[in-house]
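What follows is chain A paired twice: with chain B in the first complex and chain C in the second.
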Partner chain A sequence: MSAFVPSPRLVRAALPALSLAALLVAIWFVQPRAISYFGFNLMLNLAMPIAFATIAQLCVITVNDLDLSIGAFVSFVACVGATWLNETPLLGAVVLLGAVAVYALIGALIHLRNLPSIVVTLGMSFFWLGCSVLLLPSPGGSVPAWLAALVKFRTPFVPFAILVSAALALIVHVGLMRSAWGAILRGAGGNPAAVARAGWSLLRTKVTMFALAGVFGVLSGLSLVGLTTSADANIAIRYTLLSIAGVILGGGEFVGGRVSPVGAVLGAMTLTLAGSLLSFLRISPDWQIGAQGAILIVVLALRALVNRLERRR
Partner chain B sequence: MKIAKLLLASAALAGFLGASQAVADTSGKKIALSNNYAGNSWRQAMLKSWEKVTSKAVADKIVAAADAFTTAENQATEQAAQIQNLILQGYDAIVINAASPTALNGAVKEACDAGIVVVSFDGIVTEPCAWRIAVDFKKMGSDQLDYLAQRLPEGGNVLEIRGLAGVSVDEEIHAGIVAGVSKHPQFKIVGSVNGDWAQTVAQKAVAGILPSLPEIAAVVTQGGDGYGAAEAFKAAGRPTPIIIMGNRHDELTWWKEQKDKNGYETMSVSIAPGVSTLAFWVAQQILDGQDVPKDLVVPFLRIDQDNLEAALAATEPGGVANKEYTLEEAKAVIAGK
Partner chain C sequence: MQQGAFSRLADWSSRRPWLWSFVGAGVIFLATIAFTSGKGGADVLAAALTFASFYVIVGIGQMFVITTGPGNVDLSIPANIALAGAVAMKVMDGSNVMILPGLAAVAGVGLAIGCFNFALIRILSIPPIIATLSASFLVQSTAIAYGRGLRIKPPPLFAELATGRLLGVPILAIMALVVAAVMAVVLRRTVYGRSVLAIGQNARAAGLAGIRVERVRFATYVLSAVFASLCGALLAGFSGGASLNMGEEFLLASIAVVVIGGTSVAGGFSNVPGIWGASLFLYLLVTMLNTFGVGAGVRLILTGLIIIAVIALSGGRRAGRG
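So, the complex of A and B:
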């Protein structure tokens, strides 16, 4: 009997998947027709941009920083996608590349001047919002046809959003958790002194991770605007907190280096589906935010429990 | 064989004709309201009107259900997700007051593709497959100048109180006012402030600009700001100009007091929150198989000197003058009357 008790480490890794499964069972119970190809397509297609934003946030959290500008940045990318990328594709592409470069520069600035990332990225969030408003003073614009067609692509049997999320989780997992480079990148967040003493450039790791965050932010914005077909300067402001919650829900921690890409993608899906479940349950909107918070607290409490078990061993 | 086929065809035809005549059977249909914001008196009144009219329609078995859903944070992505959930819940029609005219288009299109009737009102969506119940905000602005031209044929200086900067409604009412001024060139806009559709903000803004202004003959407004303007003029010790009101209870109360005291005359204009009930009936009529034009214009609610008392009596303290639509009135709007 005792041989069957799983190790706390395994429980910890399985927690995001278990919370997602529990949520799916609940949805199946309340609204059986949602558990279908059509239903998953609808419920999860907005999970795709959130998953990208969550991975962007994960990159920053890996190096022990926090990005409070990701929501505004995704909005900015969406605005570019609905204006320049459609009218003058070359200019649009250049601006998006430039935006990634700005992200890399912020990483360098935070490292070189030893600035608190919260302050710098909070400032940047106003910068991105200002750019969005200048670009698109009132909601509108339209996306290039190829982008809208791409995100609405209907794959057979398994919805496109699930395939993309799975591929995203897998690629980032292999790159960050399994490769030698990934170990250095995580180490730069978990134990920067050791990594520096081993002769690796901390500046380079920080710039790499911030640039990656920028790349995933761009993917998030483009997939979002492809779904909505037009943009709004405030379209993704919520993503800042959603992405942080997704990383933490997926098993990441604020101490740097301790992250789980697979868990983060599952966390993003859990948060998206939690909204659907609460809406199916007809919980009054005044309570919905509270209920979302309660789900977070329950998962985190479970994790604290697992951590305690780990320590006891 | 042939005769049998013919008989079958005619029976099918008869059945088809019979079905198309037996209209008004929407008793099995479910309608949802997707609302993006509930944080002010206008939206509260809108939800209350919806509740009142639809619960009666459900009790009368006109529709099976009419549930209201409000998103918590006034965010387009959140409302898009909400609309997708409503599609899955099997509603036959979704009535939307949208957070953004464009950012919901993807979700709206998905609803249309799933065979769901989408009706947007107040905050409308631009997706062509949806119906739109729009307010002619431009006319709301130009009507104010038309009224002033009739009261003050020789014209004068006008102070304009605008709404929340950057919102399309503010732009449109302002454009209407500008058009009205060019139509009646005897009026001149000598100052313009943002009152944010709120009494206290308007009072502060007007008090700030008043010392720099010449004599003001009239104040044009956007609603919710008239009482604040009146208080600012009083505090500055300046004569009260003609202030256009916006149907709020405090504005109507002040107007009534002035009318009783010195025969003060003005007019009041705004959108009735009960426009949500018009949207409900429009959705019901579309489900009923009626031919409804995609773009409807809703008349705004105007209060004049003679119906002030009645309007004030019907308005709750802290509320907005309202009009709830009946099925017949909705049909008249659809017919373009």
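So, the complex of A and C:
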């Protein structure tokens, strides 16, 4: 009998996929026609930028920090994408590279001065918001044609957003979970003292992870503005909370470098689809963030239950 | 001799980490007044006292939460303020008689949110940041659904309370000063306050010493939520009605005033005076930038950079994960 009971570890790893599957079944039940190429294309339209932002957050959470500026940063990138990148592509590209460098710098500052990341990144969220307001005082701008064409690319059989998300999950999984470098980067979150004793520079791991967060933030902003074709300073403000929720939904722990890139991408998709389910159920959009909160709480409750079962064994 | 005096001074100020926030606020105030060559100083000060009062009320609650140790922070404050403001205006319904029932309802909102936050933390063992975050999603949705299209003005008496002055000093500031004084005594002289500090320094040791750790943490999250709710009601009274994005700026502000005020983000070391200094600093900073005539974008950038500079300079003494 007990042979058929899956181990808690397996259940925990499968939880993000199960939540997504449960949500898909619910959508299929309410609106069967949504489960099609066009349906997914519409529903998962915005999954791509959210998935990128979630992976950016995951990089920061891996080294035991939290990035409360990612939403403002993605908005800033979107503003650059809708202005400079279109008018003077070279300047736009340099600014985006500079923005990634600022992210790396913030990582260095947090490590060197041993600062609480949530305060520093909250301050940075004001910085990025201010930059966006300077760049684009009122909503507008237009994106380069190549960018719009790229993100609206129509792939056969499987929507582009799903392919990109899958590729993203796979690449980050291999890089972070399967490579020697990834083990060190996660180790810096799990046991910094041990990693430092083994001769690795904690400064470099932190700078690397923040720089990666910057890179994924740039990808998020560009894919977002490619889809919307215009930007404003507040376009992605809610990504901050959404990305944290995605990482945690996907099985990431808050401390200790325990993260799951595949789970995080699944978590981002779950949160994106939750909005669709609500509109199929004709529930007012007022409750959209509330539903995301409720999903988060339910999944965390399930995980707490699994953990408790594990302890009992 | 001089060395001795200097090191004594350094020692004296290091035991008063809140000093720097007042020094900063003073410098900024003088810079603003110098720019306007002395005009409007009293008005700037009165406005600073009023707006700082909101920061102080929310900041004290946040400070108690942060004091209970690394990872403890209340992110549900903005949503809480939005909901409390709407509830206050709806229950009071513009009538002076309903002010007290309205405030009771607001306190009830705070109590409920605090209990919910702690239930998530304790029963589901969710890290406080995520727990208060997901709670804030639900609270925010409730506030949106409940407060949509709400156009009720605050009762005249309540508006007077929030905007009026007594001998030239804003009534709100007097209330916030009293609250701060009471909470300073609570932190330093009561069993509860000392338990909060002890838990922040070492929760395990505090538990072994007989402190009911979870009960104290429960009280602290409720305290923070009730303070935020009351601030929401006052804010609605002050601005002539509740709005849904009223609480937005308080996420950064509540954490920033705690940190700038010299409280350790790692927990266990905090002080109430610093909250006042930091709140004045934060508001005067914005006033100064406005007086200098910089645009919204530059103001945001400088606000962010100055907050980062302040905590980078004040240093992260045994700072952990915030």
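Here are some notes:
Simple rule for what comes next: the second predicted complex is superposed on the first by the 308 of 313 C-alpha atoms of A that agree within 3 Å, B and C clash if a C-alpha of one lies under 4 Å from a C-alpha of the other, contacts with A are read in each partner's own complex, and residues count from 1 in each chain.
Note that in this section contacts are C-beta pairs under 8 Å (C-beta built on N, C-alpha and C of every residue); 3 or more make two chains touch, one makes a residue touch a chain.
For clarity, every value in this text was computed on a predicted model and none was experimentally measured.
Of the two partners chain B and chain C, it is C that touches the larger number of chain A residues.
Legend: residue contacts after superposition of the two complexes on their common chain; A:89 is shown touching neither chain B nor chain C. Looking at the shared chain after the overlay, A:66 reaches chain C, while chain B stays out of its contact range.
Once the two complexes are laid over each other on the shared chain, residue contacts for A:137 go to chain B and to chain C alike.
In the superposed model, A:32 makes contact with neither chain B nor chain C. In the superposition on chain A, A:122 makes contact with chain C only, not with chain B. In the superposition on chain A, A:294 makes contact with chain C only, while chain B stays out of contact range. Within the superposed three-chain model, A:46 lies in touch with chain B and out of touch with chain C [touch as defined at top]. Of the two partner chains, chain B is the only one touched by A:229; chain C is not. The residues of chain A shared by its contacts with chain B and with chain C are 133, 137, 286, 288-289. Every residue of chain A that touches chain B in the complex is listed here, in rising order: 31, 33-34, 39, 42-43, 45-46, 133, 137-141, 224, 227-232, 234-239, 272, 275-276, 279-280, 282, 285-286, 288-289. Remark: chain C residues 71, 73, 120, 123-127, 129-130, 133-138, 140-142, 144-145, 148, 251-252, 255-256, 259, 265-266, 295-305, 307-308, 311-312, 315-316, 319-322 touch chain A in the complex.
Against chain A, the residues of chain B that register as touching in their complex are 38, 67, 69-73, 75-78, 80-82, 84-90, 100-107, 109-110, 126, 166, 168, 171.
Across the complex, chain C is touched by residues 64-66, 109, 113-120, 122-135, 137, 241, 244-245, 248, 254-255, 284, 286-294, 296-297, 300-301, 304, 307 of chain A.
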